[in-house]
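You will see two complexes here that share chain A, one where it goes with chain B and one where it goes with chain C.
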Partner chain A sequence: MAAEYALRMGDGKRVFMSKEKIKEEAIAGAGHAVDYGSIPDLSCDEIDKIIEICIMPGKSVSVEIGMEVPVTHDIGTIRLDGDQGNSGVGIPSSRLIGMMMHERAFGADTMELGHIDYSYKAVKPIVFQECQAMEVAQQNMIVPLFYGAMPNMGLYYTPDGPYENPGDLLKAFKLDEAFASMEKSAAHLTRDIVWIMQKLYASGADGINLDTTGAAGDADAYAALNAVKALREEFPDMYIEVGMAGENIIGMHGMLEFEGTVLAGLWPHQQVALAEKAGANVFGPVVNTNTSRSFPWNLARAITFIKECSKVSKIPLHVDVGMGVGGIPMFETPPFDAVTRASKALVEMTGVDGL
Partner chain B sequence: MPIAHIMASGMTGLRAGGDLVARMELSKSMRIKEAKEYVAKKVGVDPIDLSDEYAMRDVREELGLGVITSVPNAPKGIAAKMNIEKVLDTKIKCCDTFRNQLKK
Partner chain C sequence: MDKQAILKELSDAMVTCKADVIMAATKKAADAGMPGAEIIDGLAAGMTQVGDLFERGKVFLPHVMMAANGMQAAINTLDMGEAGATVKKVIINGTVEGDVHDIGKSIVSTMLQSAGFEVHDLGRDVPIAKFVEAVREYNADMVGLSALMTTTLNGQKDVIELLKANGLRDNVKVMVGGAPATQTWAEKIGADCYAENASEAVERAKALLL
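So, the complex of A and B:
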C-alpha cells in the first residue's frame, strides 16, 4: 500500500492522500485556474515542488533562509480585542496595546489601526476619535502603521444606508434604478474614504489599507479605485495598499469602467493593473478556497493565479492568505500545517513581495 | 494564523529588518528584491542579514532604528522613526507632523 500523507480539505478537515493523489489534485487545481483565468499552466517542476511542500514531514514548514518577505495585516489589532464577528479573541485590551504587542511581541513587519466595525462608513461619525488614537499610536510605534477598513459598500444600501437596495431593484427588474443606486453609492463611498483619510493622514497615518475591495461587486471596486486615485493625487507620499475581497470582481452593475477597463469579471492579474493605474503602492490579490476540494487542489490553483499576477505586476504584491483564501482552509482557526505550507509555497513559487 | 505566517515567511519586524523593507515597498513601490537590496546597502549589511535577528540587533542599536526590547534611553517610537527617515532617505508622515508641531 502506498504511503499516505496527512493533509487537509478546503474546510480544514484532515484527510490522508497518497503522493499520486496529491499530484492528481495539484494538476487539476492548476488546470482550473488556467481555464478560468486564461493564464499559463504550472510546469511539471512546479507541480513537483507543490507535492514536495505538501509531504514535508514536519507539522510546520517555512521558507528558505533569505526568502522571507514583509507581512501586512488586515484588521490588525482588532484580532486581539475584537469579538468573534471579526475573528477576534476577546482579550480586554486597548488598540494601542494590541498594536504594540504585534510590533514588539509578535514580530509584525507592519500594523494597522482600525475601527471595530472595520468599515469606512462607520468611521465617519467618529473620525476624530480615530485621529486621536492614530496620533498616540504613531508616537509609540516604529513599524509602518496604516489606517485600515473595508469599503463595504453594502452599508450604503437600504435599510442601512441612504440608497435603495439594488438587490431589491434587480429582483423587480428595475435595472436602471438599480444601476443608478450603485453609482450613487459608489460616489458617496469614494467621498467618505477620501474625507476620512484626509483627516487620518493629517494625524500622521502612514497610509491606508483598503481591505476586501470589491466585496459588494464592481461598484464597490469602482468606488475604492476612485478613492485611491483621488488620495494619490492629493498625497503623493501616502502608503496605499489595496487588498481584494475575491478572485473575480462580481458584475453586480456590469458596465462600470475604471480608466477605460470594465471592472466586472477581472481576475487578479487584470485587477493589479488597475490598482497600479489608480496609484496603489501594494496590491493584495485573492484566490478563494473551495471548501469541497483538497488543500493541494486549492494551493495549486492559488499558485497558478498568483504567479501570473506577480509576473505582470509592477508594484509589490502582498498576497491575501487569511481564512479561506490563498490555499488556506476556510476555517476560523486554520490548521497550522496548512497555513505554513501555503505560506511557503506562495512565497517561494510565485515571487510575491509579501503576505 | 498571522503569527504562523510571520514564523513561516515573515521578516519579523523589529526583531530584524522587516519594517525597513516594508517601508521601501510601501513608500517607493519597490518589489522585494529591490527593497531588500536598497535597505541592505543603506544599513551596511547583506540582503540575507535583513531577516537575521543576530545581525540586525547591533545594526538597529548602532543606527538608532529601534529594537524590540525595552532598552533604557534607546530611541523608541517617533524618535526611532526619525532615524529611519535619515538612514533610508525616505519621508515618514508622522515625523513631518511631529516636526511641524515643534515651535521654531
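So, the complex of A and C:
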C-alpha cells in the first residue's frame, strides 16, 4: 500500500492522501486557475515542489534560510483580546498591548491600528478617539504602523446606510436605480476614507491599509481606488496598502471603470495594475479557498494565480494568507500545518515580497 | 433549420443578454413551429451558460438580470397552452441570524429568480423563527440558508431543527451555502443540498424542485 500523508480539506478536515493523489489534486487546482484566470499553467517542477512541501514530515515547515519575508497583521490589534468568535484567543488586553505583542513578541514587521468595527464608515464618528490611540501607539512602537479598516461599502446601503440596497433594486429589475445607488455610495465612501485618513495621518499614522477591498463588488473597489488616488495626490509620502476581499471583483454594477479599465471581473494579476496606477505602495492579492476541495488543490490554485500576479506587478505584493484564503483552510483557528505549508510555498514559489 | 440549430440560436441569444435579440430568436423559433416548451428549454440552456459566465467574471449581475428579463418577456409571447399554467416553485432565501453578510445571498436570490423561481429574500441577520414563518406563509418548496462566518454556520442547523419541531421539514427542501459550508456539513445537519456558488444553487434547486 502506498504511503499516505496527512493533509487537510478546505474546511480544515484531516485527510490522508497518497503522493499520486496529491499530484492529481495539485494539477487540477492549477488547471482551474488557468481556466478561470486565462493565465499560464504551472510547470512539472512547480507541481513537484508543491508535492514536496505537502509531504514534508514536520507538523510545521518554514522557508529556506535567506528567503524570509516581512510579515504583517491586519486585525492583529485585537487578536489577543478577541475570543474565538473574533478570531482571537480571548486574553483581556488593550489594543496597544495587542500591537506591541505582535511587534516585540511575535515578530511582525508592520502592524496596523484597527477598531473592533473595522469599517471606515463606523470609524468616522469616533475618528478623534482613533487619532489619540494612534498618537499613543506611535510613541510606544517602532515598526511602521498603519491605520486599517475595510471599505465595506455594504454599510452605505439600506438598512445600514442612506442609499437603497442595490441587491434589492436588481432583484426588482430596477437597474438604473441600482447603478445610481452604487455610484452615490462609492462617492460617499471615497469621501469618508479620505477624510478619516487626513485626520489619522496628521496624528502620526505611517500609512493606510484598505482591507478587503471590493467586498461589496466593483463599486466598492472603485471607491477604494479613487480614495487611494486622492490620498496619493494629497500625501505623496503616505504608505498605502491595498488588500483585496476576493480573487475576482464581483460585477454588481458591471460598467464602472478606473483609469479606463472596467473593474468587474478582474483577477489578481489584473487588479494589481490598477492599485499601482492609483498610487498604492503594496498590494495584497487574494485567492479564495474552496472548502470542498483539498489543500493541494487550493494551494496549487493559489500559487498559479499569485505567481502571475507577482510576474506582472511593479509594486511589492504581500499576499493574503489568512483563514479561507491563499490555500489556507476556512477554519476559525487555521491548522498550523496548512498555514506554514501555504506560507512556505507562496514565498518560495511565487516571488511575493511579504505575507 | 434543424432543431439543434434553433436551440443553439436561442441559447446564443441569451448569452448576448439583450432583450431584443432574445425576443427575435424566440419569434424565429416559434415561426419555425417549435413548441413553446422546447423554446424555453433552449432559452434555459442559455441562461445556464450566462450563470457560468457570471461565475467566471465574464458577465456581471446586471447582465444576468437583463438576460432573465429578456427571457421572461420572450416566454410571455409564447402560447404555452396547458403548460402556461405551471405554478412557479417558491424559495425562501436569507442569511441566518447574527450574520450581516448580504451580497452573496442576494446574488443567489437574483440567480434563482432569473432561473424562474419565485424567490422571497428575507435579507440578512434573519431570526430562525422568521424562516419558519416564511415557509408557512408562502407555502415554500425550498429554503436557502446562507452563512459567511464559521461562528454563524450553526444557525443553518438551528433552522432545520426548528422546521422539524414545527412539523414542516418534510414539506420543504433545505439548501445551505456560504464560504464555511461544505457538502459534509450539509449532510451532517440534514440539509438536502449544498451549493458552492450561485450557479450551483440554481442547478441544485432545479434538480430538487423541477
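Everything below uses one rule, namely that the second predicted complex is superposed on the first by the 351 of 355 C-alpha atoms of A that agree within 3 Å, B and C clash if a C-alpha of one lies under 4 Å from a C-alpha of the other, contacts with A are read in each partner's own complex, and residues count from 1 in each chain.
In this section, a residue touches a chain if its C-beta (ideal position, glycine included) is under 8 Å from a C-beta of that chain, and two chains touch if they have at least 3 such contacts.
It should be emphasised that the depicted structure is a prediction, and the values quoted were computed from it without experimental measurement.
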Next on the checklist: After the overlay on chain A, what do you see for chain B versus chain C, clash or fit?
Outcome noted: fit
Checklist entry - Given the touch rule stated above, what does A:T190 touch, chain B (first), chain C (second), both, or neither? => result neither
Checklist entry - Which of the two partners, first being chain B and second being chain C, lies in contact with A:A264: first, second, both, or neither? => result second
Item to check | C-alpha centroid angle, chain C to chain B via chain A, nearest 10° | outcome: 180
Checklist entry - Should A:V69 be classified as contacting the first partner (chain B), the second (chain C), both, or neither? => result first
Item to check | First (chain B), second (chain C), both or neither touched by A:M330 | outcome: second
Checklist entry - Which of the two partners, first being chain B and second being chain C, lies in contact with A:G254: first, second, both, or neither? => result second
Next on the checklist: On the A-aligned overlay, A:A108 touches which partner chain: chain B = first, chain C = second, or both, or neither?
Outcome noted: first
Next on the checklist: For A:N290 in the superposed arrangement: first (chain B), second (chain C), both or neither?
Outcome noted: second
Next on the checklist: Contact-wise, after the overlay, does A:L170 reach chain B, chain C, both or neither (first, second, both, neither)?
Outcome noted: second
Checklist outcome for this item: Across chain A, the partner (chain B or chain C) reaching more residues is B
Item to check | Shortest CA-CA distance in Å separating chain B from chain C in the superposed model | outcome: 16
Checklist entry - Which residues would you name on chain A as touching chain B in one complex and chain C in the other? => result 323
Item to check | Touch list for chain B against partner chain A, complex | outcome: 1-15, 18-19, 21-23, 25-32, 35, 47-48, 50-51, 65-66, 68, 76-78, 80-81, 84, 91-94, 97-98
Next on the checklist: Show me the residue ranges of chain C that touch chain A in the complex, using the header's touch definition.
Outcome noted: 54, 56-63, 65-66, 69, 100, 102-103, 106-107, 109-110, 113, 119, 121, 123, 150-151, 179-185, 194, 196
Checklist outcome for this item: Within the complex, chain B is touched by chain A residues 60-63, 65-73, 79, 103-104, 106-110, 138-145, 201-207, 237-239, 241, 281-282, 314-316, 321-323, 328, 333-334, 336, 339-340, 343-344, 347, 351-355
Checklist outcome for this item: So, in the complex, the side of chain A touching chain C is made of residues 9-11, 13, 36, 84-85, 154, 157, 159-160, 165, 167-168, 170-171, 173, 175, 178-179, 215-218, 248-255, 264-267, 288, 290-292, 323-324, 330-332
